[in-house]
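Next come two complexes, and both contain chain A; in the first it sits with chain B, in the second with chain C.
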Partner chain A sequence: MKRKIEDCVVIITGASSGIGRATALMLARHGATVVLSARREQALRDVAAECEQLGGRALVIPADVTDQEALHHVARQAIENFGRIDVWVNNAAVTLFGRLEETPYEACRRVLETNIFGYMHGARAALPYFREQGGGTMINVSSQIGKVGSPYVGLYSTSKFAVNGLSESLRMELQDAPGIHICTVLAASIDTPLFQHGANYTGRAVKPLDPVYSPQQVATTIMNLIRHPRREVAVGNAGRQLMVMRTLAPALAEKMVARQVDRDHFADRSAPASDGNLFEPMTMWNTVGGGWQRPEETKARKVFGLAAAGIGLGIAAWMRSSRPKWSLAGWR
Partner chain B sequence: MALRSKEKHWEWVCREVGGWNIFARAAQAPPPGAPTVILVPGLVVASGYMVPTLERLASDFRVFAVDLPGYGRSSGLRHALDTHELADALAQWMDSMQIEQANLVGNSYGCNIIAEFAVRHPDRLHRAVLQGPVIEERERGVWPQFRRLVRNSPFEPHSLGLFMARDYARAGLRVARETIAHSLSHPIEERLPHIQAPTLVVRGSRDPIATQEWTERVVSLLPRGDLRVIPGAAHTINYAAPLEFARVISPFLVH
Partner chain C sequence: MLRRMIMPQNWVANFDSTASMLRATSAYLKESSHANIGVLPQPLAPLVNLAGLGINRLPVPWREKFYQYSGATETISQKKLHHFRADKLSKWAAGLYPSRPYPAVMIGSSNGAAVHLCAALGIPWLPQSHLIPVRRTGVHPDEPWQDLSWSIEPARQLLDANPDIELHHMLDPVQDLLMSRVLAYFRIKRLTLGPHYEHFLLKNLEPGGTIYVVDCRLKWPTTLVSERHIFQFGAAGGADFKDLFEGSERVEEYLRRYGSYRRRWDPPAPDGERPEAEWGFAEPLRDDIEAFAERHGFGVRRLVFDQPQDLSPLVADFYRWWYRKRGIVANRLVGESFLLLEPYWMMRVGAVPFWMIFPTEPMDRILEEYLERSDPFDEIGLMLFSHGVESVGVVPIERWRQILGRARRKGTFLGVDEQAFPRDFAAMSRYHTAFPETFTARYPLPGPLPPWTLDEFLAQSQREYPVGMEELRAGKTLH
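Showing the complex of A and B:
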């Protein structure tokens, strides 16, 4: 049954910051009931207060997604309080920067456990309720580097490839349940604290790959998916082009990405080795944005985009006007 | 939109109580040792619209949905019983069924009957669920209630109208009118502070009859009350959203 956003119960993992927090706030503004989960309880309470101020209902249930039982508990609590789960947003993810052979083993495992096992635990917690209800939408927040690899964030990329595979397989498995939808969001570089949270063993400070898109763009996409579920949606054009390129000329695409990441993913200053938020959540950076998006740059991109579109339209108009007018004679 | 589903998971039981024949639907094959749950219908309506909830609860509880004297199959009275008379009739029916203590789940005016029951027979009530309790003091008039009923109707399944039409017809116009009068004069706010049993108040977020403000007041008046709001549901959650209703009240009732 199709429900309005304000009648929906939406569970969001990783709701304390970044895309999760942006999504919770946007849904709350539309009157939705949000169940917020993450490791940091205090940060979640802040988000919940903001959600309620915006006119939504919010329930806070702290959980570490690497623990299956914890996510079962989240689902049970939502059911006992609201009777239903309309949407489960798998969003909690961590990242690390470093060459594979120079990264501590435990850190490698932790990224895969959070990003892959976390989503699997979420799906296993939500799907039995979806089945019983005969409907529900699961939204897996993934990444465009889950379609195209990337150096120094190989494990993050690996985990997102896995998430895409899991989503696709579940879609097939659920062919018999037309009310249940599994949607994948392929995000480009998003302006979130992910880059401050990430573990870093490269020796250099990191920054997101340009161009950077706003977390609200992802939140809007998620809200649209709740209204009209689709199998896979990309947010951010840059990566969309890259995905096409990778299909057409894979070897060339690999070389280009490798060069661009080398040139663009790191700042010109050194940074000490850090585990980031892999093992313990950070008290800092519980915000939506990460401060990576410079407004003038966004504006410049818009101006450029408009200019490009204008030139394109101009050329089309010119070609059209220089062609002989449509006439029956022209068809001969 | 049939009133009867093809496969029936319940059967009628009839007991003669104080000169009335009281009919009730009993879920078939209750799990051994399961707690008893009695569903109490609202204003003039009978147990039919409780069947979806009855069927959802049947796997974990021994469930009954009762047609109180004057309504449904137990109709045939010249005058409607008062709220406290209905509560006493329910207690007598429990005697005849040898039910010592039960969980009571009511919808709308059924909540008033449960509140009255809790005060008059406190030791026979284990836990109570008040779903969409009525009636807010300042709205105790025929017109305010009629207006709210009309505002509620778009959110309910059309088949509910069939149940209501049939149940009002069976009760008769006089009994219906008198019941409405009893419901409008029942001071539920004076009974709530005396309910000693743990009580769960359930409201649909789109219910225009039991408003958020009023249900919060109901909870504040209860010594051991708690509130759950089901997003998107309206006034008859027991009929329109039985899965959600059962999921919310089952963990409360098993305690």
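Showing the complex of A and C:
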């Protein structure tokens, strides 16, 4: 059954910037009630103010997702204020660039704790309410590198593989509760401040892999999942093709990804070692976008998309006109 | 023919509490629900609901006739009684359960709260008592002497063919007024385990496992007619001994209302107190269980209580304690009555079960007292069994509505047609569909609790329950 966005109470973790912020704003524009959570209270207040301007209701509850009790508190507050939780978006994530053996141990742990334990804590906080309500949707924002590994972001990739596994397992566990949905969003390279926030121990400045997609595309996908829950949805064609290649020719895919990441994931300048926002949130980069998407690139992708669609339609029309006709008398 | 199609087990009375409780327990152990009191398959529930609602719209005399004749279709001719073998019923009962190792098994009194206890522990219950409805005509339900005289020959045939049972012939003109016009209530109690129960235990009870004897001490003033033939006038549920044996204003009014020429009954004088026909436990079976356990190295524990409803608060609190340990809110209570039981949906919606023997006095007060001394419940549901008669002591629907009003958020009847109660025959199937419709919460079926969990609960509980737990013989699974 289609769910109305304006009737929904949606909790979003990592709502202070990037995909979380884009989702909050889009849902607020459609009249939803959003419960915003992240570590940065001031940034959340700014998002809440924007949401209310757009016509939604917003509640700010700062929390660090690595703290299970903090997420239980978020859930309790949502219930106390709005009486129910319709959707929980597990989105808060951190990243780290570096070879595994050259990365500080505590930084490794922190990535896994935030990205895996954070989602697990979210699920443990939301599911009791979903069970009691007999329904609810959990949306786990994952990544396409949770399906295909990647060098230098191995821990991030590991955490997203874990998120995909957690989502799949939960879907199976919840077969007995048809009203509860677990959805996974497999995002490609998205234009968010994740790359500015990320810890970096490579010595080189980082940038997202091309092509870069807009966070609004992910937000739209999340909104569609709220209306019509689906098990797994990919955002971004480039990653989708990579996932297919990984299934068909895994060895070749690994080689290609290794080369492409080495070549395209770094800018041509050095960068000092940084813990990024792993241990403390950054006061900067509270925006939706990270400034990575070049307008000409977007325009080029639109032109390319339209051209591809035109060619596809042309081929379809040609096939239709030249299709042999079948009658009871046989081929003619 | 129809009876054979829908009720293939000969000798099993579908409107008997024992049959329904057995089916509810076995359905739960097979992870399925107890639709249509276990008589008809679940997919037929919508049709049965519709038919039931149609019957509820009939004029009262027609509805009463329907109820009466539906009971009559399940009767056994007295001419066939000498063919009856209690072992067949035991075989049927044991055969309902999945064959697998169980750490414990319950045997004894029929009890709705015990059904939920079995569900929590994931163990079977084997009944001591069964009902055999024997067809008879020409006996007025207000004439216990006539019924007793009629029963002597059929009882002799039955008892001669079954040396290991005791017959409690029961006539209750209060609750069973309609059925008593067409049938005699022969309730039999096993005095020994018999070959089928023994076989089941040897095959399925883990080595050193525990047999729980469900021992309801409810006694009734009865008359010994002959060896192993006991006559019981009246039964638990509504009317008290004074009403039944001495008469009262409310009895006079009841008899007048139902057009009886009597203003009080004249039953045979009781010559002693014996186990109540439907709920009470006959002790010889316990001796046999102990001897069997001794021979095979099983443990024996006795769960003893005076009134059938004494177990209900304990089981309700046990469920609430267990739910809370599982992180479930546990603020939902469902009151069940008589044979309307649903352990599967109780567990799936995270509801605390509170079983009532009948929707008659004093169950309203007992439930109310329980609610008063418990943490508040957000939601309360009630499943009310209708026996078709505005009998002495039946609690009116307004009073039940008042009890539902104690819910903090929502109080609802589950499948009850409030206008039709206590002649709401659709309730027999509608409870099952109303349960998941009313409560949207969905919890998974939990794994069975180890039997010692009950001891753990009792050890930490601050409350006193009128239930005793005695270890008669130590087993291994509890230690």
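By our rule, the second predicted complex is superposed on the first by the 306 of 332 C-alpha atoms of A that agree within 3 Å, B and C clash if a C-alpha of one lies under 4 Å from a C-alpha of the other, contacts with A are read in each partner's own complex, and residues count from 1 in each chain.
As a convention for this text, a residue touches a chain if its C-beta (ideal position, glycine included) is under 8 Å from a C-beta of that chain, and two chains touch if they have at least 3 such contacts.
Quick caveat: nothing in here was measured; it's all calculated off a predicted structure.
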item	value
Overlay on chain A: chain C relative to chain B, clash or fit	clash
Of chain B and chain C, the chain that contacts the larger number of chain A residues	B
Partner chain in contact with A:117 - chain B first, chain C second, else both or neither	neither
Contacts of A:177 with chain B and chain C, given as first, second, both or neither	second
Chain B versus chain C as contact partner of A:84, first or second or both or neither	first
Touching partner for A:8 - first (chain B), second (chain C), both, neither	first
Touched partner set for A:128, first chain B, second chain C, both or neither	second
Chain B and chain C contact sites that coincide on chain A, given as residue numbers	132-133
Contacting residues of chain A [partner chain B, same complex]	3-4, 6-9, 32-33, 57, 79-84, 132-133
Complex contact set, residues of chain C against chain A	327-329, 348, 350, 439-445
Complex contacts: residues of chain A adjacent to chain C	128, 131-135, 173, 176-180
Complex contacts: residues of chain B adjacent to chain A	205-206, 228-233, 241, 243-245, 247-248, 251
